[in-house]
Structure formats: structure tokens, C-alpha cells
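Down below is the structure, laid out as C-alpha cells.
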């Protein structure tokens, strides 16, 4: 199996007047697990389909393993795709579904059936070989689809929202399985999802897209800790966004509270947006002059290990605090109470506009 | 017009049965003539038949003259037979051919007609009474109308060999068919039925594909070819049927026929379009071809004509005021206007005298006497049919109807005949 | 055609126990009753009548309700029955192959090669409009087109492609087949188009992804998944052709036989029992063909 | 599926040929229905006029189509079109004429009327009827399509707004 990285150079997709993907550049290292994430309509699926070859790029180049595949049909790209609906052939048995691409490649019947059976064993569906897809559960269908995609030893596996049709329990199990498989096979996985959890849990590389552009591509921890823009911060969640203005001696919130931070920054506009992780904020006993947020409690949610407290500041923006169970019950707050939340300068991250 | 006239005695047929019928008829009417005349306008008579005589103009004129509504349905002869037998309640008056009558009447769907109530019975062409046009005539082969024209009594369905006071159908329309040709395309004189089988017309000949009529055409051809001599073309033996069909199959296999026609319109179109240049045809179809500016001749042949006739029968279910209306309608039908209408189309009406009264002398001379047209001859719709000076093919009424070789017929072996005919078509 | 009836009771059975009425077991039958009544009155009773009459005896004055096998014996005794069935089956086969090829192609183009649903709709209607014109008119409109002096021959002669009119165009088996195809092609297009529109487009991408060439996509994905539509279209076309007598008679110029024509000729001379016997055999033949089609293809998904 | 390239165009051409095949005879009868009063059912054309279309709507002429158009034609044609379905049923109902002959009661239905025409009408009035039917069907289809389009646009506008 050829290890291959994927590289997109100024790849563009236009449908008539609508630009779905706008000249994106992206380099996915060989053998990595990459998640494309973004709201619906952001261009992530189009990007995936252009890599697969099911969609012709309007402009730019797609390189796989250093080879320009922009004009090649899907089967010659060394990729395999797993479809959101699984796209199993309803008229074929599981075994024949898995053996389909071998058949297209002219592999002899006994040989391809043997290989397909092996692959089915690998996804623990050996005994379902002679069943039709309609006779399988959703999770089983997905594993057949996975087996079918993998049978040609692709160097890149493309997954279009593979877990969206599963229930939460199965989703978790499947997630683990995907990750283990990727590690075992050592090939590149490119996985489209709209779930932040999935992206953070699975990937080596998270690519956040919006309106046909890549906003940020980074390791999951980097993306989460240092979102580049307010959109990324909001989309990934777990961040409170504070709007500040440059004042005398630094930044200040609209209520005048000064903000101190460790990061250096350059002021490029009137408004500076800061991100502070929800789990890095603490409720204060009293007001303090610096690095605090004032607001009214709008929600208290018990989540087991932690409690989420929702705040609304004077300007009407909503924020959240994730407090450990112990912290919260040490000093509980009630709905409607006016409270102050403090944070450390080291936890303040400056966002680009 | 009311029906008191039905009471008039006739000299020709006086049997005991007539008295009862007349009594019922007159008794019903005389009491309430005014109310009667009122009510009869609400009657709707449903008539069905082949297209030739079920023309809308007749319904319109009927409404005008009699006040009641005539609802016409035109079908092909197969469908007519079916409807007559299987849906006797769907019609009041059946306009059918005599050979169909032979199949229909025994099935008790029609009621015999009381001749004493028919105003013009005396004036019917004798062909329908005795089978002879003139006293010297020979009775033609086949289902001659007079053989199925009468039944033995009021309730009988058994045909009478001699005239009685109970008529199965009132004859209305008849004619003699022969070969129609395109004189511009055949290129030689046509004199006999066997000319249809001339290899010179290979792929350009046609015959009728209604089995019981087509077999008669085929018989005319076979006899003319000298292959066979029939005892009665209208009632062949199995062997005769075999020979006839075999001859036809041979002709078909040699590619003699372009097509077989089944409806009036098909025969006209085959001729007009030049697909066929010689085929068995009826006189008005030939007129229709000519009216489109295409030369076409009704060709009298040595062996004579194949003739057909049709009439009106009363549905069994008719009674009371509707029955009276039906009689009134039939009397009106024979009173001349319709006869003239049919004559002008090239058919013959069964009551010549009244039709003559409704035609111009020059028309009568042209259509019935075979004389050159003094003026342009117009169709009932006012379309030019023949220019002044033209002479009708086949000559006068007597020349045509006097040379009938056979009538359209139903044979005793008709089951076998159909089987063989199907063989012919499938060959 | 009895499939919808079978579908109803089973559907009703699924809902009835949940209701838990007094007579839960009778409910499905009760619900299906109107359908059975309709089927009984308009289908079973007429057919039963035909079967019954086929054993009756034909007499001058009408039908005699007896039980004789003569009518069937007559049917099988003659060579013409076999030649006619052969000829009708040949028409059915040729027309089936032609309408299938045309119908499949047309449906395929509509379903997979027309970009917008609007255009799909418009073009589908364009195909459907001629079918709103009377079959008889559409049939006879071929005659001036194909005739000796018809539009086609004039054009061919005008273009010097031929110097004498082509006679085989009209009143020939060719004309019969052509007219059948013209009359019934839509009966193939519609069901196939229907099934094709239901094919998940990602299946085709999956096949391409697996390295299938377009022809292989057709063979391994589109054709197998269109089979129910093909089967329904086949049933339509085959039954229509098998039962026809008007088209064969008009377009062959009466020179070709069909089973329907055979029956019609018998009816025209009021030989009802013989006609009934023929009809029963034709019905059985067609039913067997339909049964064979249903054995091969499961069309329940479509109904 | 690829929607360009030679195969795509070949298929579109095949489709176009099918449409021509469908409309060829209709075109023939359309032309023939414009013959003069002497016209027949076949070529060559005899004169050019709209005589047969007028004829179609005049009562009292050959075969009363004025009446039957009002009764059966309008019902049979317009009702299903309004409902919008019944393509099969309607098309088949024409074919039913053979069965109608066997089974119909005393009222004349359109199939019977048409059949009667083929039996004894040798004039292009039959073609005029066919042409009218086709044109009428077209009008209905166009109207329906435009309506659907308008509705779609409206809904689109609503969504956008």
C-alpha cells in the first residue's frame, strides 16, 4: 500500500454563480487522520468529493502522493469513498458488495470472494456474507460499506459523515473502531463531519471551513486552544468570547473592566475579541478590578462531573462557565443572581477578526 | 301525422292474425289523439346500425317532421351483430343487414312487424317479398332478403318461406357490389371477377375482410376462374369452402393483395391513395372516391353482382307509445324523404314511388334510369358528385339489381368457414 | 394484477391487532372487502362467465348451457390456432424487445442525463402528450405517412434514395410492429423512469469509485435496479400486444393474423362458445407469461 | 453520471429521435387536417384551408362533433387533465373502444364516436380532431408546467425573504 499525502492547491468549485469551494490550499500528511468540519454548506463535502473525483474541480489541482489526479476518474486516484448513506448495492449480498470493486478489476471469482470474505471477517461480519443490505442493522451496513471501501487497499479513505446515521452509543463505538483501523492500516483518512466531538476525538488534523474557505487547519489541541477566529471558537464551542476595546494601558470590556493578558498582540481595529475557555473561568466571591466578567445567571445545568452555569452580560451576550461539581457546590449560585466570573491572563487568547 | 293510417286494409295479405294486430293498434290510438301527439314528442328512439344509413341528417329531419328524438349510433357490421344480440335493451330500432338478421332474429331479440301498420307495405320493391325484381327474374343465391323477411306469426322466430303478415324487418336500403377499379391505373378493360386475380395487378388488389361477405367475393372470383362451380355460393359445403380458401391462400402467398378492407372508409382510402387499383367495392364508396377527384369506376361484370340489403327491425322490448312511435318513424322512413336521400347517395330505397316523389326528375333519371345527367348531380350535403352529362356506372336500377348473382349470406357451415377464413388471414 | 389485493390485507393485518377491537381477526378481511367486491364484480364474474360459456353449446337459437369440450377440441384441432399464436407471440416478442430498448434508453436519458428536474418534467410531458390522443387516430395517422404515395416514400424518392415507392412500409408486419411500438413505448418508459428516479445516485458514484466503467455501472447497478420497472413495462406491453386485434388488422391491411382477431372473427359470427374457449386459452397464456415475469423479478417494491 | 462528452450527446440525440418518432405521424395528420373541403385521408394534399376545423365545431355537418365535443370530449379530456394524472387510464380508455362497442349502452362515448368516424368518415375531420386533441393536451401541459414553475418561484421567494 502506497502511503500518500493529499495536497490541494487553489482548489475551487463553482456551481453556476455559487462558489462552493473558494481556492483552498491544504496539505494533509500521509497516514494522518484529517477531519473536515464546518456548518452545512461550508464546502466540506464538495472538497471531499473533489478529492474522490466525484466532482470535477472548477479550478486548482488535487495531488495525491505527489501525483496530480485532478483529471483522473475516481478509481484511478488510489482513494476509496464511504458514503453517508453507505450506498450499498441493494441487489447484491454483502459479500458481493465487498467484492464489487475486485470484480470491476477483473479479479477471478473465487479469488475475489475469498478476499471479500476475509475483509468481512475483519469488520466482524463474516456470518452476514450472504445477506442483503436491507437485512442488516445500520451499524452492520456501515461496516460492510467500510469493508467495501477498504478491499482495494486505497491509500486514502474518504468518509462522508460516516457516523451521522448512527445512534450515540453506536457512534462512540464506531468512532473507536475507525481510529483503530486507521492506525492499523496506516493510511490517510479524510473524514467530513459537522460534529466537533468527532473531529477532536479522531483527527490528527482538524480543518475548519466556512463559506468555501478554510478558516484554520491544525492539530485538534491547537485548534481548540488557539482558535484563530471568533467563528472557529464559537463553532468548536467551549469558549467564551469577550469583546474589548483598547483603553488606557491595555484592553477593557464594555463595562470598563480592564483585561490583562500574557499574549502580545497588535491592535488592528477598534474591537478586539478574546477567547477564554469556559472551563478556565471561576466564580468570584466579590467583584475585582481586572479580568472578570459580570453577569446574571441564566442557566444552571448539572452534567455529573461538572456543572454548567450560563451567564448573560449587560450587553446581552451569553457566556458559560464549566465548574467542577465540587467547586459549584462549595458555593452554589441561583438563577437570576448577579455574579462575577474571573480568569487568568494566561488563559486569555486573542482572536483575529 | 298520426297512425290511423295503419288501419287501412291491404288486399295482398289478409290472414286471421292481422285482425288482432290491427285491433290492438287502432284501439290504442283513436281515443286520445291529442295527448298522444303531445306525448310522442317526448319519446327518444335509439337506433344503431352500420354507418351507411345511420346518418345524422336523418335524425335531424326526423326531429323536424315527427317531433321526437332519434339517437343514432354507427358501428361496423361485426359490432352491429354483437349489439343486436347481446344488448337487446340498448336499442329500440336495429338497422341491420339481412344476413345478420338471419343470425339475429332467431335469438328473440326483435319483434315481428305487423304489415297492416306499415303504410307503404304494398309499395315495397318485390325483391323483398318474392325475391324477384321482375316476374321473370331468377332468384339469386345466398341469403336473399325475402328468405328471412317474414316469420310465421306474431310470436314466432321461425322464418317463413312465403310472405306472411309478420315482417322481420322493413327493407330500407340495398345495393349491388362489384369490382371498383382505377381506370387510369389498371390499363385494360375489366370484364370478369377473375380479373381480380390477374398477376398484372399483383400487390394492388384487395377484397373485403368481413368473413361472411369476403367469402362471397372469393367465391365469385373462384367461379370466374373456372376452378369450381357452386351449387349455392351462399351455402357452401366444406369441400367448396376448402377449395375457395385454398385458392385465396395461393393468391395471397403470391402477393396478389395489398390489403383487405373492412370498413367503407378503408375501401375508399385504399383506392384514393393508389394503394389498391382493383377491389370489391360498393357503389357509394366508388362515388366517394370520385368526389375526391380520383377516377374510379363501378365495373359491371359478366358474372353479375354481389348484393346486400338492410332494414329496420323493432326491438323486442318496445311497447305502448314507444312502439307506436317506432311504427310512425318507420312509416315516415318509407314516405320518401329518406329514400330520396339514400338514392342520392347511390344506394337504393325500398319504396321507389315515394322516393321518386322527393327527387327531381333529372336526378331520378340519372340515379335510377341510367340516363345521362341533365344537370350537375349533387350529394345530399350539396357537394358536386357528377358533372352534367355523366352516366351512372352499371346503368339503371333494373340493370343493376336485375343482375344479382348472390346475396351476402350466412352459411350452415359458417363455423367451419370462419375457421378457414382465419387460416387464410394467418397464411 | 392481483398484487394490490394481496397487499391490502397484509397491510391491514399490521394495524388491526394494535386497535384491539372486538373481532381483531376479522378486521383485515372486512377492510379488504370493498376491494374484493370490486374485483369480484368487474373481474372474476366476467372471467368466470367466459370460462362457463366456453363449455356451452352453440345452437341456432342461442347458447345451450351444457358441458361439452368440443369448443376446446376445435381450438386445438386446427393448425390455424398454432400459426396464429406463433404470429401473435412473434409480434409480442419483437414489440417487447423494441419498446424495451427504446423505453430503457429514453428513461435512462431522462433520469440520468437531464440536469434539472424542471427539464425532466417538461421532456417527460413532451413524451406523454401524444399518448393523450386517441389510439385509433394515432394508429391511422401512420397510413398517410407510410403509404405508397405517403410522406416517407415521397421524401425518399425526392431525395433519390429510392426510385420506386417502398411497399413494405405499409400493410406489412413492419407497419404493425412500428405502430405497436409507437402506441406502447410510453408504457415502458414510465415504469422504468419511475424506478430509475428512485435509484440512489450515490450507488452510481459508489460503482464508479469501485472502478466500474459507465457501461459496467449500467450493467451492474442501473439495469438490476431498474428490473421492477422493466417487468411492469413488460407486463403492460406484452398483455396489450397479446390482446390486440385492431392494430394488427389495420396496419397489416388485414393480411396478418392475431389471436384477438381470431376471437373477434368468431364473435362476429356469434360463435360465442368457440370464442370463449379461445379467450380462456389466451388468458391462460398471458397469465403464464405474467407469472413467469413475476418469477424472475420481484415487483412488489414498486406497488 | 457524466453529463457531457460524446456519450451524453449521443444519448440526447437518441432521445430527440424518439420525440420525432412520437410526433412524426401527429405532424402528418396535422398537415392533412388543413386540406380543402375535398380533402381525403391520404396524400396528396387537396387544397389548403381550415375547413375541417370549422367542420369539427359545427353541428349538423358530417358526424355531429359539436355535440359530442361538448359532452364526451370536454368531460373525457378536461377532467383527467385537471386532475393531472390518469395518463395511463385515459390513454387506455381510448383503446377501450373495441370493448366499448361490445359493452356500451345506448349513449355514445367518445371512443365510439371516433370509431364511427374511422368507419364512415373519409374526410380529414378525423385528423382535425386528432390535431385538436394534441394541441389541447399541449396547452394543458404547458399551463401546468408554468403553474408549477410560478409556485416554485413564489415558494423560493418566500424562503429567501
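The letters A, B, C and D name the chains in turn, as written, and every chain counts its residues from 1.
Here, contacts are C-beta pairs under 8 Å (C-beta built on N, C-alpha and C of every residue); 3 or more make two chains touch, one makes a residue touch a chain.
Predicted model only: the values in this text are computed from it and were never measured.
Trainee: Looking at the contacts, which chains touch subunit A and subunit B alike?
Mentor: Touches both subunit A and subunit B: C.
Trainee: Comparing the two chain pairs, does C-D have more C-beta contacts than A-C, or is it the other way round?
Mentor: C-D
Trainee: For subunit A and subunit C, let me know how many angstrom lie between their CA-based centres, rounded off.
Mentor: Between these chains, centre-to-centre, one finds 54 Å.
Trainee: Just how far, in Å, is the C-alpha centre of subunit D from the one of subunit C?
Mentor: Computed from C-alpha means, the inter-chain centre distance equals 22 Å.
Trainee: Taking the mean of the C-alpha atoms as each chain's centre, how many Å separate subunit B from subunit D?
Mentor: Using C-alpha averages as centres, the distance is 36 Å.
Trainee: Residues of subunit D touching 2+ other chains?
Mentor: Residue numbers touching two or more other chains: 41-43, 102, 115, 118.
Trainee: Two or more other chains touching the same residue: where does that happen in subunit B?
Mentor: Expected reply: 82, 269, 273.
Trainee: What residues in subunit A touch two or more of the other chains?
Mentor: Within subunit A, no residue contacts more than one other chain.
Trainee: Given which chains touch which, is the overall layout a line, a ring, a star, complete, or other?
Mentor: Topology of touching chains reads as other, fitting no named class.
Trainee: Can you name the residues of subunit B that touch subunit D in the complex?
Mentor: Interface residues on subunit B, with respect to subunit D: 46, 50-52, 56-57, 60, 71, 73-76, 79, 82-83, 86-87, 90-91, 263-265, 268-269, 272-273, 288, 291-293, 381, 383.
Trainee: Which residues, counting only subunit D, touch subunit C once they are in their complex?
Mentor: Result: residues 1-3, 7-8, 11-12, 14-15, 18-19, 21-26, 28-29, 32, 41-44, 77, 81, 87-88, 90-91, 94-95, 97-98, 102, 110-111, 114-115, 118, 126-127, 129-130, 133-134, 137-138, 141, 144-145, 148-149 of subunit D touch subunit C.
Trainee: Flag every residue of subunit B that touches subunit C in the complex, lowest number first.
Mentor: Residues of subunit B touching subunit C: 77-78, 81-82, 85, 103, 106-108, 157, 203, 206, 209-212, 252, 257-262, 269, 273-275, 410, 414-415, 418-419, 421-423, 425-427.
Trainee: Enumerate the contact residues on subunit C facing subunit B in the complex.
Mentor: 58, 60-62, 74, 78-80, 83-84, 87, 143-144, 147-150, 167, 170-171, 249, 252-257, 261-262, 264-271, 274
Trainee: Can you list the subunit A residues touching subunit C in their complex?
Mentor: Interface residues on the subunit A side: 52-54, 73-75, 79-81, 83-85, 87-91, 100-101, 103-105, 148-149, 152.
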